[in-house]
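In this document, chain identifiers A, B and C correspond to the written order of the chains, with residue numbering beginning at 1 in each.
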Amino acid sequence: MHHTKRNSILFTGLGIFLLVLFVLNISLGSVKIPLQDVFTSLTGGNASKPAWDYIILNYRLPKAITAMLVGMGLAMGGLLMQTLFRNPLAGPDVLGLSSGASLGVAIVILGSGLVPGIAASFFLSSYSIVLASTAGSFFVLLAVLAVAQRLRDTMAILIIGLMFSSFTGAIVSVLTYFSTAEQLQKYTFWALGSLGNLHWNNIAILFVVIIIGLVLSALCIKPLDALLLGERYAKSMGINFKQTRFTIILATSLLTGCITAFAGPVLFVGLVVPHMAKLLFKTSNHKILFWATLLIGGVLVLLCDIFTQLPGSAFVLPINAITSIIGAPVVVSLLISKRKGIFN
Amino acid sequence: MDTFKTVLSAQQVSIGYSSKKEIITVANNININLKANTLTALIGANGIGKSTLLRTLTGIQKPLAGIITLNGKDLSSFTSAELAQQLSIVLTESLPPSNLTVFELVALGRQPYTNWVGSLFDDDLAKIDSALQLTHIEHLSNKKHFEISDGQLQKVLIARALAQDTPLIILDEPTTHLDLLHKVNLLRLLKNLAHNAGKCILYSTHDLDLALQLSDETIVMSKENFVQDTPKNLIANKVFDMLFDDPNIFFDENKNGFVVR
Amino acid sequence: MKNLFYLFIFTLLAVTSCKNEPAATSVQTVKTANSIKYAKGLQVYKYSGITVVKVTQPWPDATDGFTYVMQQKGTIVPDSLKKYTVVQVPLKSIVVTSTTHIPSLEMLGVENTLTGFPGTDYISSEKTRALINSGKVKEAGASESLNTEVMLDLNPDAVVAFSINSSNKALNTLEQSGMKVLYNGDWTEQSPLGKAEWIKFFGVLYGMDDKANELFSKIEKDYNDALAQKVSNKPTAMAGALYQDQWYMPQGGSWGALFLKDAGANYLWADTEGTGSLGLSFENVLDKAQNADVWIGPSQFTSLKEMTDANPHYSQFKSFKNKQVYSYSNKKGATGGLIYFELAPNRPDLVLKDLISIFHPEMLPGYQLQFFEKLK
């Protein structure tokens, strides 16, 4: 292991920062709750108001955990996609998975009037959105994998993913044209992303799926390092490229699909975090990037979530607004500083 | 020379491409015998099939006929992982952009031997250091791979192949893009590695004169012929006379080189 | 003879009254009649101490509805009803999510129990605005996405919400926390009196069933009285306006269209089926309604110039040229909320009178329009 002192300091710093943000995220919100009450609640005591206990333990705590999981999962997806496609502008949604999920949800929310009675009862059930989102990304995933098996050229997969995105986006546009104002608002709100209001059992599912996705990603560390030299060298070092590609796509799909199902499409995180990790640690070594991406991903989304709560006000901004506001300038500055080494 | 162990051999091999519709044969009756401690050059006109031959010898393509044996075992029976410990390659294609340092790049050569996550242990580090020393690039260890010259980068890639610790190393046109001085230094390095580190090294090239002067054996591919022999014997047997189609280019025995009329 | 006859009558009476007796004692086994007349999505069954409210159409195409048991103090909920949401009434604090709920609260005189509302700026009524301005009514987010924290902090006795399907994350979280979430289906009602009858829903929540019934009966009577007047001619009517490239024209079965029918107007799309809107092209509308006498409800426009600025073609309509365009968007509350959206569903009698005054001015001389304004 090529650990340097600088890396150790950075990792420790990031770890502390993550913890601090976690606590800060739980302490801030629409309702002003004094810090002391926050700590009392978290350590098992009773806050001054029972409503506050509930808010802290059953609303803010799940939201903070969700934020961390979302940040870690999407960031890892972005890292995998950027190395696999050797494209610095790739994100976890580049395979079209988020678009597939959006299409599924759009059909359920906007298209329920177009569907006969039997299906309508499913459409209006409480798990409809989660199931539709999962189904949507799953079908896109199958299509992408089927194509990937046949294609030798990795770039073609990227283009196909982008085409799926356009296609599903077009269908969603048509659906919005024929929907009512209420349906449109509901769909739009879903598409803006939301980290709150997840039950503990949903968080458990999210946690399990993300862990599986991260384990699969970890198995790709060695092949990803080999791929830094290109496919031909990687194969000559014993890497099974097709299997690696399959594993990477599978891991990304699990991570992205599950997160989109529960929190809606969260933009920019997957695109931006791998770059931040590479800039900060100045390395392409995936052993380091794996952990760096996880930590920075968690930090970024916790931070964005804090900004969505204009503290003390009832108005909460949607998470995508903040991630885009932070993400877009970062991407622009990356493109501007186009030097050979950093630009990966 | 004859006492050295055979590393790679090809017997009555035909190379080419086969699809559902047709079979295209690029060359046949290929017989090769590559031994340890030997630097062998592969020469031939453009389009004659050198790249196809290299791809077949490295297991990327299947031969249309014949058997290729590596260390006594049929080449097609190797798994990708097993092959990686027997054969390493050096290419001239440019590397994708990344932040790899020279050390990290050379260290990647250890992948066939490391654990699931690629950790380096003492013996790995020793091999890497030895590779860096043999190629005289220790002073470049901490530089990023895009900060060094092309010639230095090529040494780095050779060091990587050395770190991979394989009995056979195959290089694809390593002397292209280099000036005469660097060409000579490179070939001297390869010869050194062959003789002193016991490697079997095969490289393809268009630099015929240097190949004749510096390699132990040469393989000549032409339309009529496929010959492997020492340069001396090849010249004596007038193999180079009909190497090119052009009657205005001929091989002058006295000058030991090609002349244009 | 006479005695025999009286005996026969007496026995008959005795036998029939015997039949009725067992029916009157037990509360659980006999269903009392649904006391709702017009609202199709609401059923109210009153027992002693308990009222069962069924909301059968919380959103369009709903297959199941919701049943709520309103329990008064000191009564026991029978086991058969325990599986439904039980609410202690009368409520002491409430959060509602639509401005149409505000007039119901005010008419019952319980607007001071309102502790929060999503989008307080939309509320027009002065009484409630005073409560908002004094800080008694807190801002609770947006109606599609209630602010969970604020709601948990307010902890009202009940939330009257509406949703377009049952997968609303924020409401689910509130229900999980034990808060009573009551889905209100007044927005799916189409008949004018049906919509207004939902005041009885609120009446039950406050134990003011009688007052709610009384209020509704008056509205019903005023409405029917206005209806009863015979009209000699029926002016033709058109509605809506262009949004992007679609002209949204209310369908024949929709709330707006039913009013036009009751007001003695000949709505040119009255024979279309459905309760929503048609998406028509401009040509369609011009073709059919160029010579319509009156134009009702051109969306958000508040002046004729505003209309032609948006689209010069509007001036092609006869109703426009004759300045017979009546909009509900001019009358607003202090913070911009439209009075029409808030009050009209609850006071169909006033809406009907407005429309009768527009179409048949001779029937209501001196009448001041409550919701509509003639565009200048």
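In this section, a residue touches a chain if its C-beta (ideal position, glycine included) is under 8 Å from a C-beta of that chain, and two chains touch if they have at least 3 such contacts.
This structure is a prediction, so every number in the text was calculated from the model and none was measured.
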Could you name the chain whose Cα mean is nearest to the mean of all protein Cα atoms here?
-> A
Top of the farthest list for chain A, CA-centroid basis, is B
Between the Cα centroids of chain B and chain C the separation in whole angstrom comes to 85
Here the gap between chain A and chain B, centre to centre from mean Cα coordinates and rounded to Å, is 45
Using the touch rule from the top, collect the residues of chain A that touch chain B in their complex.
-> 1-2, 86, 218-219, 221-222, 225-226, 228-230, 232-233, 235-240, 278, 282-285, 287, 340-344
Residue ranges of chain A touching chain C (in the complex, touch as defined) = 29-31, 49, 51-52, 54-55, 58-60, 109, 112-113, 117, 120-121, 123-130, 178, 180, 182-183, 185-186, 189, 194, 196-199, 313-316
In the complex, the residues of chain B that touch chain A are 58, 60, 80-81, 83-85, 87-89, 91, 93, 95-100, 103-105, 107-109, 111-112, 114, 116-120, 144, 146, 164
Touching chain A in the complex, chain C uses residues 59-63, 138-141, 144-145, 147-150, 152-153, 155, 164-167, 169-170, 172-173, 176-177, 276, 279
